[in-house]
Amino acid sequence: MAPALPAAVRFSGVSRSFGDVRAIDRVSFDVADGEFFALLGPSGSGKTTCLRLIAGFEQPDAGTIEIYGESVAGVPPYERNVNTVFQDYALFPHMTVAENVEYGLMIRKVPPAERRRRAGEMLEMVKLAGLGDRRPIQLSGGQRQRVALARALINRPRVLLLDEPLGALDLKLREQMQVELKGLQRQVGITFIYVTHDQGEALSMSDRLIVFDHGRIEQIGPPAEIYERPATTFVAGFVGVSNVVDAELARRLTGTAQAFSIRPERIRLVEDAAPIGDGALSAKGVIVAAVYLGAATRYTVQLAAGGQLLVLEQSGGEAGPARATGEPARLTWLRRHHQPLR
Amino acid sequence: MRTRSRRGRTAGGALPLAAGAALLFLHVPLFFIVLYAFSSEDKSFVFPPPGLTTRWFAVAWSRPDIWEAITLSLQVAAVSTALALVLGTLAAAAVWRSRFFGREAVSLLLILPIALPGIITGISLRSAFSLGGIPFSFWTIVLAHATFCIVVVYNNVIARFRRTSGALIEASMDLGADGFQTFRHVVLPNIATSLLAGGMLAFALSFDEVIVTTFTAGQQSTLPIWMLTELVRPRQRPVTNVVAVFVILVTLVPILLAFYLTRDTHEVAGSGK
Amino acid sequence: MNPVAPSTLPVGPEASRSPLHRLSTVLYLRPTLLLMLLLGPPLLWLGVIYLGALAALLVQSFFYIDDYSGVVVRRLSLATYGELLTAANLDIVVRTTVMASAVTVAAALLAFPLAYFMVRRASLRLKAILYLGVVLPLWSSYLVRVYSWKLILAKEGIVTWLAERLGLGWLLEAVLALPGVGGPSLSTAYLGTFLVFLYMWLPFMVLPIVAALERVPRSLLEASADLGARPAQTFRRVIAPLVVPGVVAGSIFTFSLTLGDYIIPGIIGGSQPFIGQAVYQHQGTAGNIPLAAALTVVPIAIMAVYLTMARRLGAFEAL
């Protein structure tokens, strides 16, 4: 039986500060070999700093970083078998597309004929065959992005780092690229580490992800777990839309003063007379807002017990929201859909 | 308070006229230089010139003192430019890459040799050289020229650096190139035009410089010094004019080229002595 | 074979062990060292050669020359500065300052219409051509430009010829007869010196005024008109105050360049020296470096005062 591979990337107690600002604070995590791993968080949360530490553009102030079991302390970026796709692609403007893609091979003194052959293969893989003689300035954003990808992958890195690569693309193109990137990762089988502030992207593409806030890890796990069982208020609020019920309101609704979050789509609006089953809770209130989202409607309900809850109800096929502002409402949900919050 | 209080349609004709007059004032004098290079009268600047001839060009060609002066000027300019290119690029790289204490002081220090009147630079260097017992020679001239040419190169290179994304250097390193390889393959090609422009401006500046040079030269004459001597004690005036025409061309062409090379930067970095 | 299957090599090939490569890594991990290596040579050069020389000059201005032996005494004293206050030297300073002021005023008057035309009336293409036209003389050879005026102002030269042709010979004679600014010919009169200074420094005045005018947004002028101001009033109240910093910025150049120049007055003008010429004379055969140094300090001091005033008027933003 083949021995298990060490973690592709392992952070142990890593900290990095810039002046007075703690960019990341005692962060530890593992990325498994072959994973599509996302670093998610708002601007300034430390996710990009983590990526740059892996790439070698920064050195940690404390803690260790290992890539496939080997410490990379003091190892510059050009000696790590890790490649990066930059946010603005960073294509060399004075070189053609082919020269850009071949760059890593050229530095390693691979003979020209072979360089050209492999570059041709890469360009085909990213669906840019035939564009080798163009200059980056002549390409569209999506095309440049693929060149950056080819340029990185041609070096056969063990880990590919992507720094918000789809940020500059429009929505349709972005969604298309998300699917392609995911497919590409499956095809080549190398570890992808992907930084984004877009939680939809992180949820749809990654095998596992970390949610960062202010330099700390809020939660690590597969997308479904992050979404369904957010561990902290921040995660509940940042990933998807959620209701955060504080301890006081929780006591009034459930009898126990334990704060929890619950997704709006887990709450249903029912008739006053409807029966409430085992393990279910209910509350009464008044609808104060109804936002029609097309596929669903999001209601804001002011509870008699105080506070507000958001309810997401799928559209039933009629034109417009089913209920109107000002109507009384009765909510029900299952206790097991609570996510206790620290 | 200087005011022009006539505006509107009535002044519509006065404004372009005044503007044109100023522009003519700036350019016409040089035409006379060219004209007098062909004048057949060599003892005075009589106008209109009694006759036109091209023989002064041949005379200038055969005068050894002119050739010596040209050669010296070219050599000084070449060496000073080379030094300025190295020092100016180093300084630009340092200032662009790092935020360090005293950054503004460095910019001020670089511009001082060219901002302070030439006579100050000249006399300081001269007294420093004589204090240090350094004999005036080719190298003292070069030392002085390189000093005020550094900022010309610096301005051009740093303007180019500022428009370069730092991510390019990171990308190059990420792909396996160390610092020196990155410089050779990525940085240098990107700043090449600014190096060329800065170098040409520095060359023109050095070739034309006279004030500081008179203080730091020994017995040698660069071309401007030769011309200065001729201005004070003229020998064959049209020959001086011929040389002047030559100087106009030699200094103007690199500057026009530098302007062309940096036209997308919206500034001729280093303009204004 | 998957072209992207990760290679088992953890790092690149053997080229990574070359000394240059290792030096690169050392510098990469020690950014301060790299900074010192980059900044060191230029700073050392400028610091030692230039600042050192300036300091030496300043120190020398506090030495003095022994009247009997003619040797420079290397002891600190204000004697040389005291010498500055003699009538002869004060005369020189005043002459130079008056000339600098006259040139500055004239340059502003001449530059303003050109700058205004360039910014407000010229098409973009014409403006680019005009801009080139203003900058080009700046970069033409300094000496050649001065020389061109020697030809023009010569007694037998074009100005005299033109004056005679236009029947204005008497005017030329009258001007040349003026005390102080006149002389045997334009080429030996302070009027001539004035004209040459004006010619040489005019572009330095035009450029900052152009920059200042460009910073006046069109919307301000429209608002002024909208609120009922006539063009002359708009000019006086809106444009002029915003352009003053540009004029002051240009004046810094014209003033300081005139103060320090010694070549132009030597070629065109009267026999009484300007500051620059006096400095040159003293440090030359006279060997009176302390006095030359002290004289050099005068324009520096004047410019320092001028610059502080200019800063108050906002000229630094217009540079």
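A few remarks follow.
Which chain is which? They are A, B and C, in the order written, and residues in each are numbered from 1.
Just so we're on the same page, a contact is a pair of C-beta atoms (placed from the backbone, for glycine too) under 8 Å apart; a residue touches a chain by one contact, two chains touch by 3 or more.
Only a predicted model underlies this, so the values are computations on that prediction, with no experimental measurement involved.
Touching chain A and chain B together: C. Between A-C and B-C, more C-beta contact pairs are found at B-C.
Ranking every chain by how far its Cα centroid lies from the centroid of chain B, the top place goes to A.
Mean C-alpha positions place chain A and chain C at a centre distance of 58 Å. Taking each chain's centre as the mean of its C-alpha atoms, chain B lies 14 Å from chain C. The multi-chain contact residues of chain A, meaning those touching 2 or more other chains, are 76, 78, 107-108. Residues of chain B in contact with at least two other chains: 173, 176, 178.
Counting partners per residue, chain C has 12, 24-25, 28 as the residues that reach two or more other chains.
Remark: chain A residues 55-57, 76-78, 82-84, 86-88, 90-94, 103-104, 106-108, 151-152, 155 touch chain B in the complex.
Interface residues of chain A, counted against chain C in their complex, comprise 59, 68, 70, 74, 76, 78-81, 107-109, 118, 121-122, 125, 153-154, 156-158, 187-190. The part of chain C that touches chain B in the complex is made up of residues 12, 20-21, 23-25, 27-28, 31, 34-35, 38-39, 41-43, 45-47, 49-54, 56-57, 60, 105, 108-114, 116-118, 121, 130, 132-152, 154, 156-158, 160-161, 199, 202-204, 206-207, 231-232, 234-236, 240, 247, 253, 256-257, 259-263, 266-267, 276, 279-280, 283, 289, 292-293, 296, 299-300.
Partner chain C is touched in their complex by these residues of chain B: 1-8, 14-16, 18-19, 22-23, 25-27, 29-30, 32-33, 36, 44-48, 86-88, 90-91, 93-95, 97-98, 100, 106, 109-110, 112-113, 116-121, 123-128, 131, 143, 146-147, 150, 173, 176, 178-180, 204, 208-211, 224, 227-228, 231-232, 240-241, 244, 247-248, 251-252, 255-256, 259, 268, 271-273.
Note for the complex: chain B touches chain A at residues 165, 167-168, 170-178, 181, 185-186, 189-190.
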